[in-house]
Amino acid sequence: MVIELLTKRYPGMRAWLMQRLTALIMAFYSVMLLGRILVLQPATYEEFLGFFQPAWFRIASWLFWICLSIHAWLGIRDVFKDYVPNMYVRSLLLKILVLLLWVYMAWASWLFLM
Amino acid sequence: MIQDKSQVFNTARVEALELDNLVEVALATMHAAEARTESRGAHCREDFSERDDVNWLTHSLYYREGHRLAYKPVRLKPQTVASFEPKPRVY
Amino acid sequence: MKFSIYRFNPDVDKKPYMQDYDVVLEDGDQMLLDALLRIKDLDDSLSLRKSCREGVCGSDSMNINGKNGLACVTKLSDLDEPVVLRPMPGLPVIRDLVVDMTQFFEHYNSVKPYLINHDAPPETERLQSPEDRAKLDGLYECILCGACTTSCPSFWWNPETFVGPAGLMQAYRFMADSRDQAMDERLENLEAPDRLYRCHNIMNCVDVCPKKLNPSLAIAKIKDLKFEQAREHKCNAKKHIEIKVL
Amino acid sequence: MQNNELQNSQKAKVKNRPKNLNLFTIRLPINALVSILHRATGCALFLVLPIILLLLQLSLSTSEHFETVVSILHSPLIKLFMLGLAWAFFHHFFAGVRHLAMDVHWMTSLMKARCTSKIVMVLGVLATLVLAVKLW
């Protein structure tokens, strides 16, 4: 039922729902991350590497970054829609935004998965 | 005296025109009420305290010229619902 | 009592300006509208809308000390001096405190604020149980004064596309009506990304509503209906398949 | 002819109608404040994404780079900046949770929404203070 709302048939609902779903996932990840930092308290390089080593943590971080990209895309798009009335400038800014998010995504994938 | 001469949303002028109409309606009410020598509903007269359907089951029409009054009978045959006989309303 | 009022008359002024008034009130002047009428006695060029003077017609909504409200139900004793009066934000000013509500009513009209029912009209009225009627409480009371929509930042920045709290609450008012049959059509009507989903729960609308209504909640409930609709569609689709199999 | 001119001038007037949208004259209720801060902090967090990625990459690459990153993070000005960032994160987080709650019709009356707005503001600052104590 939720899946159907994420299709193109419901453009408004899709964006709205995606923003919430990604927010939820990121919220859980953030709490996990904070907890992990507080428990392990990595202070040296070796500890930090160890902190970052587990495969599950890397994959979680990578998924987090995917959610972050979607969330940021929807959020910043709303900001542009509100404050940039000029259609030409707005579409230009949106293109830059997409480009940036893809670059960050590639960068993050390389960091988390390599 | 209206100070505002503007063409745009001039409420002072609209209110002045409304006052003109109010005076007109007040005059009509006054003359018609004065001529109606009976009492019914909200129209109460101390000097004619009785309801009088024989002479006054009628609409009053007011004409501005010379404050002339005319009368028109009340239609008592409604199209769709049963007729309600006129009678004094006592509670 | 001291007032500072937004003035603009397109016949005379190039730009709007603020004009100060100091007006002597009389006994019985309790509401802001009373004071405004005293000012209008002094200066008849001040334009404002007003009608019922008791918070029912929704004509004299304006921005009072930064907050939208009806002049006729705003107590003078609650206001800090000088009282700053401005037209409602985000709509074009025709003159002084009078704004052009065309856009507001276009949005209102766009949600089809009337009962849609394709059944043949019954002999008497279309009946409704008291429970179904109760579902309309807190929705039907809207007087369309525009205070909510013109206090909504989402409307300020997207006046062309975003329907605004008043229109959306009326959309929900008819979705919630047991006699209405156009739920799917109504939901479809609001699906374009910026018509409904520009609402970010800022709640300025709830803050200013002179009738104490909650458009924010009504908008959230429209989204609920969207979920329900999707579920029903799925059920219907399943039934379709089952029938085919049979 | 005269009529036409009159109509044109009327049209021009309709076109040139001003809007009253001076935000400094419009009261900002607590709910709206939390909402606009949610947006502002979101933008700020988006802007620092490359910095975070860069720091992460450096601190993962070699132990020398890791030490550099640690020393950078320990300089007072950067620390202050980090605290600001932490506040942005916490505010965005708590305001977001509030958003989600309201989406399921939790705390949607005006009074309750005002109350949760205040809680969000306080929690954001409180979490930042706790972090500040931890950092110093």
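Note that the chains are named A, B, C and D in the order they appear, and that numbering of residues resets to 1 at the start of each chain.
Definition applied: a contact is a pair of C-beta atoms (placed from the backbone, for glycine too) under 8 Å apart; a residue touches a chain by one contact, two chains touch by 3 or more.
A quick note: this is a predicted structure, and the numbers were derived from the prediction, not measured.
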Two chains joined by the most C-beta pairs in contact, as defined above: C-D
Centroid-based (C-alpha) most distant chain relative to chain B: A
For chain A paired with chain C, centre-to-centre distance based on mean C-alpha positions, whole Å: 36
Between chain A and chain D, centroid-to-centroid distance (C-alpha), Å: 17
Centroid distance [mean C-alpha coordinates] between chain D and chain B, Å: 64
Interface hub residues of chain B, defined as touching at least two other chains: 8
Shared interface positions of chain A, touching two or more other chains: none
Residues of chain C whose C-beta touches two or more other chains: 10, 94, 153, 200, 223
Touch list for chain C against partner chain D, complex: 6, 8, 10, 15-16, 63, 65-67, 84, 86-94, 99-100, 151, 153, 156, 200-204, 206-207, 214, 216-217, 220-221, 223
Touching residues (chain side chain B, partner chain C) in the complex: 2-4, 6-12
Footprint of chain A on chain D - complex, ascending: 39, 42-43, 46, 49-50, 53, 56-57, 59-60, 62-63, 66-67, 89, 93, 96-97, 99-100, 103
Chain C-facing residues of chain A, complex: 1-2, 4-5, 10-13, 15-16, 78, 81-83, 85
Contacting residues of chain A [partner chain D, same complex]: 20, 23-24, 27, 30, 44-46, 48-49, 52, 68, 72, 75-76, 79, 104, 107-108, 111
